[in-house]
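After this come two complexes, each holding chain A, first together with chain B and then together with chain C.
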Partner chain A sequence: MNSQKKFIVSHAPFQHNGSSIEQRSYNIILATLPAILLGLFHYGAPALGVICLSISSAIFWELAMNRISKRPITIGDGNSAMVGIIFAMLLPATTPWWAVITGTFVAIVIGKEIFGGIGSNAFNPAALSVLILILSWKNLFDFDQALLNYNFDFVAVYPLGALKHFGVDAIDTFNILDLFLGRQIGGIGSTFGLGLILGGGYLILRGFIRWEIPLSFLLGISITALLFNISEPARFVGPGFHLFTGYTLIGAFFLATEDSSSPVNTLPMLLYGLGGGIMTVLIRNIGVYIDGVLYAILVMNMVSPLLDKIRPKAIGKVV
Partner chain B sequence: MMTRSFFGFSKPCFEYELLTDTLPVPEEIATPATVTLLLPEALEKLDSGLIKIGDKVKTGQKLVLHEESGACVISSVTGTISSITPFIGDFSKIFTAIAIDVDQEEIIDQQFKDLYQEPTLETLKNFFSFVPGAPPLKALCDSANPPKSIIIYGGDTDLLISTNLYYVKADINAIKAGIKILKQTTGIENIILAMPGESLQGYGHLGASVKNVSAVYPFGSPNLIMQKILKQVVPAGKDPMDLGICFIRAEAVAAIGNAFTNGCLPVNKILTLVDKTGKQKLMSVRIGTPLKEIFNHYNINLNDRDRLIIGGPMTGSAVYSEDFPVQPDTDAVMVQDAADISHTSDYPCINCGDCIRICPAKIQVSMLVRLLEAELYEEAADEYDLMSCIDCGLCSYVCVAKIPVFQYIRLAKYELAKAALEEAENQEQEEETNE
Partner chain C sequence: MVSSKELKLAYGLAIILFIVGFLSYAAFSSKAPLQPVRIMFQGVAGKVLFDHQTHLGVSGYGIACIDCHHELEDDETATPESCSACHEAESEEEDTPNRTDALHNQCIGCHQDFEAGPTECAFCHIM
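On to the complex of A and B.
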């Protein structure tokens, strides 16, 4: 049975649905664009600089790690570019260059590559990196100070900062619609509620993120904020404010949904989202930090493997 | 051919072929100059003298290596044995390849003709393991664990194939006769015909109860059919036969029916050809025909780096040579152009969960594949339900990281079976030495 022709022999199945990691990464990058465009409109060239530096340095760090660890070059899958762009969305537009490069170093090298690269990271790389930057240089993320030199036609005070420092009375100046349309200060790509929801909706429809996580996350925030608000309206603000300020929406759609650090079964996904939402409001309302989204997501990342133990019984399992 | 829809929100959903519009007419392919028959037994020494190179064989003649062995082939042509060689198939399955040069004149062997009027289980066992559809006679004639019911699946077990369904639609009388023979010989009264799709009209007179199963892949899998129509869950690691249910293809039932009606063993196999454009053609060929003949007949040109597949797109097996012969269980032949082949990658699992959501057996595939990559097969079976897998291949089909999940699973099952066999042998030896 000798044949001159050399066929490709491989294992079934012989078809694939055509999905790929590249497609996933680039679609997520695409989905960030509405929010980023408004950021560019508000903050101009400095924001563009931060985004470009963030993406390019993230790719550079991954390439460097590939080389150092003598592994195949993986920058083509777009994952490091995606981490870079999401990281940039969380930053104030005036972040100094060294902070951006340090941040992407933390995100890519410490957040992802040392765990073994894509799929192995226990925490969301971008969220982890921002938190480490906050711990290291606390003034970097003081949005009021960072964006001092801008002239906006809306209230140029970081809403969550105002709430934390001056209480519910201080936030009367904000109206929900303004917040929703991104007329507030904050990270480059994390303030435009409508844009984030559009991007997130696109990803859900295309199946690149799982709807259970963002929905339950937002639900967790709404319910907890509402309970606080009902119990003591003078001290705690209602859910609307929490939903459209700080990192809530970017956290729900782009951070909590990161594949590797989130659960995959239905009930665990709902618990993961709810837990993150509840913890966010707890930190914001009675914790010391201004915004709790990133902490909440990291904590939920940590329990995600444990949550995923709640799984349906396989067919035919005898126990 | 079948790619992810733009909206990934919904799961992919494939249907088996249903042949609802028109019934294709199988095209007859001329008998080739040489056929090769694969006898499922190791070729050790040809000392029995039962067959040797140069022997004349007749169409329908039973060929065995040893007197006492149960494995046999039925010669599909009249001719001269030109070679007898060892052959290794998928997963190191051992065969003996018997090549026969075909003579001009066809003579039908009389051995079966003398027996066919009085069908017995013995006759079934002796002559029918190599008829089209490869009926599971070992299970059917198992006296230690006799089957309680027989389920005939009228559809095909993979996508794009319409071989079995063709028999149900075109040759229902043969199936009816086959069911009668099965009842008569095995004594099993409970015979169920499971049909994919909705329409159950016209099957009332068969002598079997007709049940409907979903036409969505992979609900034609034996385990899922059992769950649907018998409300019985097959425990992990067991197969339906352990519960006394014997699955048999419609094609095999038709072959049995035809043989006992005409008195000659069927030697033609109906199979579906899926060409490079995905178009299907039904044809009838002699068992043992090299695939090359089929491609010549249809003017299909195969080049280097193309893929040649025996079976369907989800569960078939790729072969390396155009000389591979059509076997009794070859339901389809599929060719893929080099440009259409999707390759696997060595990326790790990114934990997207697509496999978990599509798995019909509710297995935690993403965790399972991590263990399998590390060759922790025992742990995979204990903790992550390796043995619950029904081998549908959907996990590999949707895998974003293009991990060959299905291959890992098959390999793990193979390794576990091998280890279990070795352990049993060791134990036997130990017992012998103790005595």
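On to the complex of A and C.
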């Protein structure tokens, strides 16, 4: 009758799978490898240069900030290396060295360190950095122009660019299976759909990221793209094309799921992902920009603390 | 708390990857090949992506160099020049039209002759 376990209060809604931040960072880096390997296969040594310089300069920027702000050295947690590799995955293989170093500066210093370091950043550092670079040097991310000298055995036109500039008829040459298998041009590590899904799946199974965000993000993209497509098929392409082009999959698995800029409760996570997906297609279909993933994720990052206000009611009441 | 082992790993990663990155940039800087694969023409009406290889290749349209690089009419053994070597952005000369006119004549003329390819401005120009 008088059970000792009458009233149990626990912290909500934290989850702990027993691993550390270092493990998390290096596991995420491991999960990026399938997508990156195909990038290296397609683009060769220049892509290797971008990836290596991005990781090392990201670590150096964090070390420099630790020294300047006289705080403990935090590079051992692997977070800066992780940001560096994800940032490199979004870049074209021919990105000049100064842009890589400037980009990692923006990602680590402006995107993360000035907010107080790991866990305090309001926005995804890699996404923020790419957008600042796009706004500063828009030709850097013109994939058609950046990859002019590569000879591929597939259609060497950036699919989302072709769709935006020349309409639905222009993308007849693309085959969904080719797009899924990374036979398209784009960022070094953002075009290989299968590799990104494998990496993301690994992270979900290991509990490093939550399934709610990528799933609802992809669902948001699919539903919105389908509605547009049904309403005007001659003007808007179906969901398959949106899912396997641009930054969709890297956004779903590696950008939107970033820990400190995404919500922690289940319903907020679902709304966050869904909102990001819907906004991505809105920007792609009726916006000015070619790809909307990064903008959508940053906007949802901003909304994330508000979404987390939706939480279970506390038990009991204050008298 | 980060252990010294993990700190050493981060230092090691930073140094080794910096060296590999530096060497990759230094040794494999991307130079344009002698025979371009694709060319991006920059124009006030929007950029135009021209697939040089597809126009040239036997598996593509199989056009001979001399069909476009008309300077080879004088010396067939010469190396074809870039269009902008002679056709300047602004030109008053009647014999050498400016770059826009030259490219328009070349592209549109050939496409009309073969009754193929794009017919509207926005089918080539990224507006």
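Convention: the second predicted complex is superposed on the first by the 298 of 319 C-alpha atoms of A that agree within 3 Å, B and C clash if a C-alpha of one lies under 4 Å from a C-alpha of the other, contacts with A are read in each partner's own complex, and residues count from 1 in each chain.
Here is the rule we go by: contacts are C-beta pairs under 8 Å (C-beta built on N, C-alpha and C of every residue); 3 or more make two chains touch, one makes a residue touch a chain.
Because the structure is a prediction, the values reported are computed rather than measured.
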| item | value |
| --- | --- |
| Which superposed partner A:Leu63 touches (first chain B, second chain C, both, neither) | second |
| Which superposed partner A:Ser260 touches (first chain B, second chain C, both, neither) | first |
| Which superposed partner A:Gln145 touches (first chain B, second chain C, both, neither) | second |
| Superposed model, chain A: greater residue contact from chain B or chain C | B |
| Contact residues common to both interfaces of chain A (with chain B and with chain C) | 77 |
| For the chain A and chain B complex, residues of the former touching the latter | 1-3, 5-21, 24, 72, 77, 116-120, 204-208, 210-211, 259-260, 262, 264-265, 308, 311-318 |
| Chain A-facing residues of chain C, complex | 2-3, 6-7, 9-11, 13-18, 20-25, 27-33, 36-40, 47, 49, 51, 53, 122-123, 126-127 |
| Contacting residues of chain A [partner chain C, same complex] | 22, 44-46, 48-57, 59-60, 63, 73-78, 80-81, 94, 97, 142, 144-145, 148-151, 156-157, 161, 165-166 |
| List of chain B residues in touch with chain A within their complex | 1-4, 6-9, 12, 87, 97, 223, 227, 233-238, 302-309, 311, 313-324, 334, 336, 338, 341-344, 346-354, 356-357, 360-364, 366-367, 385, 387-388, 390, 393-394, 396-402, 404, 406-407, 410 |
